[in-house]
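Below, chain A partners chain B and then partners chain C, in two separate complexes.
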Partner chain A sequence: MAVPQIQLKRKITTGSLLILMVIVAVVMLYPFWYIVDNAFRGQAQYDRQSGHSLSGWRQLFANLPVAGQLLNSTVVCVAAIAIILVVSTTAGFAFAKLRYRGSGMIFLLVVSALMVPLQSILFPEFVNLSNVHLTNSYTGAVLVYAALGTPFATFLMATYYRGISDELIEAAVIDGLGYERTFLQIAIPLSLPAVATITVLQFIQIWDDLLVGLFFLPTSQRTITAGLATLSTGRTTSVPSLMAGSLISAIPAIIVYLIFQRHLVKGLTLGMGK
Partner chain B sequence: MSLTEVAPVAGQAAGRRGRSGPATRSRLARRRRRAGILLSLPALALVIGLLAVPVGQAVYYSMTQWNGITTTWIGPSTYSALVKDPIFWRVLENNALLLLAVPVAIGIPLAIAALLNEHVRGWRFFRSVYFLPTAISWVVIGMFALRFFSATGVLNGLLAHVGFGASATDMLAGEHSALAALAITFIWSMVGTNTIIFLTGMATLDPTLTEAARVDGLSRVQIFFRVTLPLLTRFIQFSFVITVISAFSALFSLIFVMTSGGPGYGTTTLEFFIYQAGFQQVQLGTAALYGVVLFVIMAIVGLVQLRLIKPDDGGGW
Partner chain C sequence: MARIELDAVTKQFPDGTTAVTSLDLAVGDGELLVLVGPSGCGKTTALRMIAGLEDVTSGTISIDGRPVNDVEPRHRDIAMVFQSYALYPHLSVYDNMAFSLKYRGGVSKAEIRQRVADAARILELEPYLQRRPRQLSGGQRQRVAMGRAIVRQPRAFLMDEPLSNLDAKLRVQMRAEIAQLQRALGTTTIYVTHDQTEAMTLGSRVAVISGGVLQQVAAPQELYRRPANLFVAGFIGSPPMNLIDARLEHGPVVAFGPHRLAVPPEVVREHPALERHLGGEVVLGIRPEHLHDAALIHDRGSWPVIELPIRLREELGSEVQLHGAIGSAAHVSEDGGADDVRSLATIVAKADPRTKIAEGETAALAVDAAEMQFFDRATGASIRR
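Then we have the complex of A and B:
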């Protein structure tokens, strides 16, 4: 008598937990469904919430250079991430394995730049970069993204390299590899997981960013996220075309998320110094 | 303790463990120093040139009238004028009100993490689903939220459906309700990040502790509050810092798309105020002034964060 009762109780508990999880899932997924559903409508169909068509998409492509802006986003992401990876792996390695007098202070200085919100320095930054003519190409935005991503990436790489044994590095150096080749041939291959984490984290951050894209890029080189936000401020734009734009701008980040989910999670919790 | 762990603390000199003579040793130490400086230089240059120097400039320009070309020095009196500006306090009030969302943005994910931590079949799938919004830009989230909260939007449709048609209001039309809509959107988009933090925290806990509590006759809820929660303190602190930083410096895009700071100053937070002052009124000195205030607030939060990160890293640096 007692055993089936316990089993029944367990089943009820499991069932109610499952129902709760489904409810949360609906709340988290509903916006996605709304965007997909309404991207395939015309404005009139949107207003009465029935019927589907491709007119939202036609309007989107007529009002926004979608392909060009997707390309702009890609170029900016790739260039900024490349810079972040170069400076954070080198500096992380130096701070972890090649300590010199004052390196601890410099490390703290680099990492504490994490606290600087771009909004705080927006206009000095903009005036500086436009004074040296870097805001009429990709360069200015790429540099700003790189600078904003460097503190955390450096912290992450230093934490990672600290986990590699000093003896391994010293042995490689003494065996004639020298510091530069030890870094390239020993340290870098060992740190590929951290490199992957930084890449995914930064890709999503930069792809999704509006502020830098809005200020530091000329109109013709706007990213898709900045383009979409600007389009939304125009009063004549139809809702379905904005939903279509939202969908197409979100897809690359979602794909990256689905493939590299684990790296993203790791980067987040590595932020705790774990 | 292994040699590897002692080494960073024990001394800076390279090659101190035999194998090579004193001459090679000092030569190696010199090369090591040079390599260290060389490799850390690019990161340092980037951070100084594009972050530290502009902070200094912002402090200087905060005491001037500046339109991007001509600068008129005013002095520290800009700060005393600021404290007397009622609009500035109105904006700070919005930031303070947004802070009220922080406990909710931590509490809900805590509950969700506890739910997932029961490891019911399929929990990994649900974890991925809950984390998905983390990949989406605030611009896209704002696009949806704008339609969700508007008079003809989804929320009012839902309310009408369950018989509250009469209470249909445009949440984005009222100053406080618009801020509430912004806060709800913010809470929704923090769910993924905070849930993952707490789930990671719960995975580090020793299962025998909850087991022992269960044997002692504590209920699931009691175990959560008396055993699990106290052990998660570090993770809760971390998510608190992340959530506050996001509330104060990551909502620009959301406000830009959803409300443009309105109605009135209803949803103008400090970070958006900076943009308005500089971009719409071309008062770059005033924008820099607000920027310095935001930076100081962030620095205080950041110092808390540094304190949280540090204990784990030991005396190495």
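Then we have the complex of A and C:
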């Protein structure tokens, strides 16, 4: 008697979980479906919600320099992520593996920067960068993105490096590398999963960001996200062209995720010790 | 090969903890010296100072007569085998073994290949050279760690509990292999372990450390037969030496509880300082193998007998361990002195497996009195000269 009851209970639990997961999936995927479906309509077709065409795409390319803005987004993303990675890997290694006076306090200061929201520092940053003539250029936006992304990335890298055995670093030092080359030859290859995680998260965050792009970049160097925002500033908004732009804008983030996803959870440190 | 000397080496950490206190040690060219002691005694810190991974607070470490206190680890020309093996997980076995030679430079690719091949042959790692560490068993990883040290042909090997992650059977096997390898290579080796059996079987000399202080350094048999103090007496040997609070009376006779044992003349000759303790309190040391089932001793007349209630009988196949209750046993503190905090006062006898003595019985145990040891109760030092 007891066995069928347990099996029934298990089936009900599994079924309930499945239904819950389907609901969550629908909630998550519906906006994406909405974008894809409406990107291939004209305004009238969108209003009627029937029929498909490429007129939304034509309108998008007519009103927005899509290729140029994609390039701008790429330049800003790559440059900011490069700075974030250089700073966070070296700083994370220093916080995790080197012993020096005040390292705990400095780490706390860096991590506390995580609590500061972008909106609260946007104007001070703008004033600061204006004073040194770095607004209205890639440089200003890149520096702001790097400054915003570095605390989290440093925290992540330090945590990751703390998980790497001290003995491994010491073995490399005794093997003749010194701390600098140990960092490059041992720590960096072992931290690829963390580097991949930072790359993906920062790419998505910077690519999708609107505020910094609008504040710090001139019209000619606007990112795709800031560009799309200008589409809806007129008296009428073409939803299909906005959807088409959103679709194009989402593709690079998906590509970056697909490239790095295999590294995200890969435990390279397996087999390091006993 | 190298001669390593530590002269009054002390290590104090920034939080004030003193891990090693005025350590004097000399390791001869080609010698295998074992540093042994309980966890936290400072043996690993001492090894790490020799490696250059820890700064020396005071004192001098010399390799071949040259002080190396301020020399970077990479320039000391020593190889270290770590407890966790510390293999590079992203590199193959071959690359792990060749790593140091590649990055140090000065060795041709052909020479590197040859040295790795030789080490792999010695350590039976040839089939695994292209594998990653995670694809190897614990024993194989341990061999790779050894191989990485060997291929460098360093002046000295430093080994920090390299067998502690292996199971008991493999540990015995690898212990023998390390001993053979060290003898074959003749490389000066300092080996750290908390396992006194490992220390006794491996070391040509063994240095016992407790509380950051060197207690005794001697050949294994010397340590076992003539421990310098209570700590060494209690630490070396399994089961450890029975240490009993006793009174030395004129005769001389050593008395504890209701028991009185005459001290044989040869023991008095070997321990002339005993005279100074006549009428005073001492700690009596008797190894478990020097207590026998009196019923199985043919020449009972020459050995004194004590009668004890037996609390526990442990069958070990080749021997039977009998745990007997006595009045008071000495407790050995970390600094080697004796203090009276151990409440369970038992002594252990390693008896012949044929013994019929059972738990709950009062057993007659013959004492090999010629092997008795005596220690000063106040200082813990052996009473000899």
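To be clear about the criterion, the second predicted complex is superposed on the first by the 228 of 274 C-alpha atoms of A that agree within 3 Å, B and C clash if a C-alpha of one lies under 4 Å from a C-alpha of the other, contacts with A are read in each partner's own complex, and residues count from 1 in each chain.
In this section, a contact is a pair of C-beta atoms (placed from the backbone, for glycine too) under 8 Å apart; a residue touches a chain by one contact, two chains touch by 3 or more.
Source: prediction; values computed, not measured.
Of the two partner chains placed by the overlay, only chain B lies in contact with A:116; chain C stays clear of it. Chain A has more of its residues touched by B than by the other of chain B and chain C.
Of the two partner chains, chain C is the only one touched by A:189; chain B is not. By the touch criterion defined above, A:178 lies against chain B and chain C together after alignment on the C-alpha atoms of chain A.
In the superposed model, A:17 makes contact with chain B only, not with chain C. Of the two partner chains, chain B is the only one that A:29 touches; chain C does not reach it.
Of the two partner chains, chain B is the only one touched by A:261; chain C is not.
With both structures placed on the common chain, the touch criterion links A:167 to chain B and to chain C. Once the two complexes are overlaid on the shared chain, A:9 sits clear of chain B and of chain C alike.
Chain A residues in contact with chain B (one complex) as well as with chain C (other complex) are 165, 167, 170, 173-174, 178, 268-269, 271-274. Note for the complex: chain A touches chain C at residues 165, 167-168, 170-178, 181, 185-186, 189-190, 268-274. Those residues of chain B lying in contact with chain A across their complex are 3-4, 7-8, 12, 14-15, 17, 19-20, 28, 31-33, 35-40, 42-44, 46-47, 49-55, 57-58, 61, 68, 112, 115-116, 118, 120-123, 126, 128-141, 143-145, 147-148, 154, 188, 191-193, 196-197, 200, 234-235, 238, 248-249, 252-253, 256-257, 260, 271, 274-275, 278, 284, 287-288, 291-292, 294-295, 298-299, 301-303, 305-306, 308-310, 312-313, 316-317.
Those residues of chain A lying in contact with chain B across their complex are 14, 17-18, 20-21, 24-25, 27-29, 31-32, 34-35, 38, 83, 86-88, 90-91, 93-95, 98-101, 103-104, 106-117, 119-125, 127-128, 143-144, 146-148, 150-151, 154, 159, 162, 165-167, 170, 173-174, 178-180, 183, 204, 207-211, 225, 228-229, 232-233, 239, 242-243, 246, 249-250, 253-254, 256-258, 261, 264-265, 268-269, 271-274.
Those residues of chain C whose C-beta lies close enough to touch chain A in the complex are 51-53, 72-74, 78-80, 82-90, 99-100, 103-104, 132-136, 138, 141, 148, 152, 165.
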